[in-house]
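Naming follows writing order (A, B, C and D), and every chain is counted from residue 1.
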Amino acid sequence: MEQLKWQVYKANMALPEHGLVTYTWGNVSGIDRASDLMVIKPSGVPYETMRAEDMVVVNARGEVVEGQLRPSSDTPTHLALYRAFPQLGGVVHTHSTHATAWAQAGEAIPAFGTTHADYFSGDIPCTRALTAEEVAGEYELNTGQVIIETLCGREPLHIPGILAYQHGPFSWGCSPDEAVHNAVVLEEVAKMAWISRGINPGLRRIDEHLSAKHFSRKHGAGAYYGQR
Amino acid sequence: MEQLKWQVYKANMALPEHGLVTYTWGNVSGIDRASDLMVIKPSGVPYETMRAEDMVVVNARGEVVEGQLRPSSDTPTHLALYRAFPQLGGVVHTHSTHATAWAQAGEAIPAFGTTHADYFSGDIPCTRALTAEEVAGEYELNTGQVIIETLCGREPLHIPGILAYQHGPFSWGCSPDEAVHNAVVLEEVAKMAWISRGINPGLRRIDEHLSAKHFSRKHGAGAYYGQR
Amino acid sequence: MEQLKWQVYKANMALPEHGLVTYTWGNVSGIDRASDLMVIKPSGVPYETMRAEDMVVVNARGEVVEGQLRPSSDTPTHLALYRAFPQLGGVVHTHSTHATAWAQAGEAIPAFGTTHADYFSGDIPCTRALTAEEVAGEYELNTGQVIIETLCGREPLHIPGILAYQHGPFSWGCSPDEAVHNAVVLEEVAKMAWISRGINPGLRRIDEHLSAKHFSRKHGAGAYYGQR
Amino acid sequence: MEQLKWQVYKANMALPEHGLVTYTWGNVSGIDRASDLMVIKPSGVPYETMRAEDMVVVNARGEVVEGQLRPSSDTPTHLALYRAFPQLGGVVHTHSTHATAWAQAGEAIPAFGTTHADYFSGDIPCTRALTAEEVAGEYELNTGQVIIETLCGREPLHIPGILAYQHGPFSWGCSPDEAVHNAVVLEEVAKMAWISRGINPGLRRIDEHLSAKHFSRKHGAGAYYGQR
C-alpha cells in the first residue's frame, strides 16, 4: 500500500510537469486489486505542497480507510471505472486544454493520423449529456456510468481515454503511470486534430488499413514497437 | 500594512510566473478595510527588479500615503471596484493573451463547460464601449464604473472577472491571491472557449443543470470540493 | 563603443529569452550617432556561443571597421533605417511566429485593442511586395527602402514596427533595448489579433477615441504611465 | 563509430529540448558511409534515461551489428533514404505537432514566406497514401519508398523534409545535427503556415523571385549568409 501511495503520488505530480493541470484541477488514482483498496489524490490540494502521505486510501464503497484528508470529489467516477473494468490499474481526470475544448464542443476526436492510431482504436468518444436527474443525483457516479455506457462493451485498454460531455477527459491504463501517459497522448492528439481540421475543414478519417497497422505495431501478439 | 504589502507584492510576482503578463503590463492590488487603505503595484516598474517595499499605499481618494513611486495608472479602476463591492479584498488587471483577444473581439466568453462553471456563474461579460466623453474624462474611473454597470447588481464573487471592451480582463476575489487565481482561470477558460468554438462554430452553452451543479460543488452551503 | 557592443550583445541575447528566434534567425543593431558607427550581430552565429566581442562594428557604408566576423546579411536594411530616421538608436529583425504569419498573409495588423494602441498609433503596416528587380538588385537595401516608403513620412517612433511582405517583422526604438521591447510587443499584438479575428471574423478596429487615449497615456507631453 | 554514436545520441536528445517529441516518439539516425553502418535510436526508450551506449548500430540490411537493444521500428525507412540519397548523413522522424497536423490534413505545406524559402525550395510535399498492400507488406520500407517517389528525382538537400501522409514529418541533412535542425525548421514553418492561412484563407504562395533569392542566400555558390 505504501508503494501504491508513492506511485499514485508520483503520477499526480506528473500532471503539472506535463502541463496538463492548472492549480488543483485533475487527479490520478491507482488500485490494489488484492485488497480492493483505491489510492487517490486528496480534493483541492495544491501540487506544490502535496506529499505522498497526503494520498487518500478508500475502499470499494468510497469510505476513507487511511489518510487525514478528503478524497477527490471525483472518487465515485474512478471507483465505477475500476468496478466495471478489472483490467484497469490507474485512472486519470484532467481539464487539459485541448481535450477539454473537444469535450466542450461535444464531439468525438476523429482518428486523423497514426499518432492517434498508435494508442486509440478508432475515434476518442464523447459521452452523451447527463440528464438533469443524473446530475442532480449521484453526479460523479453517473459520470462513471455514462463513460461505461459509451464504451459499450469495447476493450477499455484499446480506447484508453474518453471525453465527458461539456466537462473534460478521463483516461486509464494498467497502472497510474500508464493512465497519465494516455492523458498526455489524449491532449496531444486533441491539439493535432484541432489544427488538422483548421487546415482542412472537410478532413476525413485515417485510412482503415493504416490505422489498424499502427495500432497493431504497439498492441497485441504481433506488436514490434519498443523493447520486449 | 506590511503584511498586506507583502501579499500584494507576492500576488503581483505571481502574474509573470503564470505567464499572464508581458513586461510591466498588469497589476494587482489589495485593500485593508479597517483603514480603507489600498496597496497597489507602482506604475511601469519591471517585475524582475520590483521589491515589496516598492508597493504603493493609497487612500480612498487615490492619494499616495506611503511609497516613493507613482501607483499604477489603473488605480481609480481598482478603487471604484472596492468602493462598490465591500466583499472584495483583491483586484487584478492583465492583458493576458486569450482573455484580451475576447475583449478585443467585443464578446462575452460563453459558458461552454464545467471548467468555466466551476468559477463563473454564467458567461464572462464584456462591458459596453466607453463613450468619447467617458474616455476623455476620468477614463480609469469610468472603466471601473462600466464594470460595475455591467455586473448589474449581481454578486461579483460569483462572476469574479470581466472583459473591458477592446481592452482586457479585470478579475477580483476575497484576497489578492484569490484575484490572481481568478485571472489565471479566466485566461485558461478564454483559451478553451476559443478552441471549442473553432472546432464547433455553432456551439451552444453548457446545459444549465450541469453548470449549476459544478458551481454549487465549489460555492455555497452545499459545497463539497476541497478540504473544509 | 565597448558599451554599445555590450548593449547590442545583451539585446541580441534577449531575443531567444523572449522566444522570438529559432536558431540564428533574428538580429539586433545599435548605432553611435557621434561616430556614425553601427554595431550588429554577426551573420549566422548561434546565440548559445555568441560573445559580446563577436559583435561587428560597421561604418555608414557597411564596411567592417572592427570584429573578426561577417556582419548580419541584413546590415544594409538596418543602415537604411538609421540613415532615414535620425531618432532611431536600435533596430531589430526577427522571424517571430505570429508577426511573420501576418507578414506571410500580406496584411497589416489591424489595431484591435489597447495593447496595440499603447505602442502603435494605428495599424502595423505591411510593405508592398518588392519587384523582381528590387529583389535581384540590392535586396537588403531595398527592404529598408520599402519600409521607409511604407512609413510615408510618419514618425517611426509612433509606429515602432512593420511587416516586410512575405518575410517578417522589423522593429526599432531609441535604443537596442527599446527596439527589442517593441519586437516583443509586436509579436504579442500579432498573436492577439489573430485570435480576436478567429473569434469574430467581422471584427472592426478599436474606437478612435480609445486608441488615441491609450497612445497618449504612454507618449507625449500628457503621458502619465510609468515613473517620471 | 563511437564518435557517430555520440553524435546520434546528442541529436536524439536535441528533439525533446526543441519540443519536438512527446515521450519516446521520434528518432534520429546517422550513417558512416565508409563502413555503410547506420547508428539509430533504440525503439521505445525514454529520452530521460537513454545513454550514448544505447544507440544501435545496424548494417545496410538492417541487422544489428552492435548494441543490446532493438533499433527503432522506423529503421527500414531510414535505410531506404540513405540508400537512395548518398548525400544524406542524418535522418529524423518526429510527430511534431504542427507538421503532423499538416500530414494528417494530407496537404503539402505551401511556401508562404522567406522563413520557408530559406530552407526549402518550393512546397514541403505530402506523400500519397500507401495502399493497403503497401501497409500490409513491408510498411516501414514502403514509407521510405513513397518518400523517394514523392521527391521525384529532385535534390533532397533542397527539400530537406517531407510529410508522410496521415503520419508525420521526416527530415534529413548532411549530418544528424543538420537533420534535427531541419526538423525544427519544418515544425516552425508548419506552424506559421497554419496561422497565415487562418488569417488569409485565400493566401497564395510567396513570389517566385523572393523565394529564389532567399534560397540562394543560404545555398549554392552565391550564398552569403553566415560565416564562411
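FYI, a contact is a pair of C-beta atoms (placed from the backbone, for glycine too) under 8 Å apart; a residue touches a chain by one contact, two chains touch by 3 or more.
A quick note: this is a predicted structure, and the numbers were derived from the prediction, not measured.
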| query | Which chain has its C-alpha centre farthest away from the C-alpha centre of subunit D? | reply | B
| request: Determine whether subunit A and subunit D, two copies of the same sequence, contact each other through the same residue numbers or different ones, counting it as same when over half of the numbers at the interface appear on both sides. | output: different
| Using mean CA coordinates as chain centres, what's the subunit A-subunit C distance in Å? | 46
| What whole-number Å value describes the gap between the mean CA coordinates of subunit A and subunit B? | 32
| remark: subunit D touches at least 2 other chains through residues 197-198
| task | Spell out the residues on subunit D that touch subunit C in their complex, using ranges where they run on. | result | 112-115, 181, 184-185, 188, 191-193, 195-200, 203, 206-207, 209-210, 213, 217, 224-228
| query | Contact residues on subunit C for subunit D in the complex? | reply | 22-25, 42-45, 69-70, 73, 95, 97-98, 100-107, 129-130, 132, 135-136, 139, 166-168, 194, 197-198
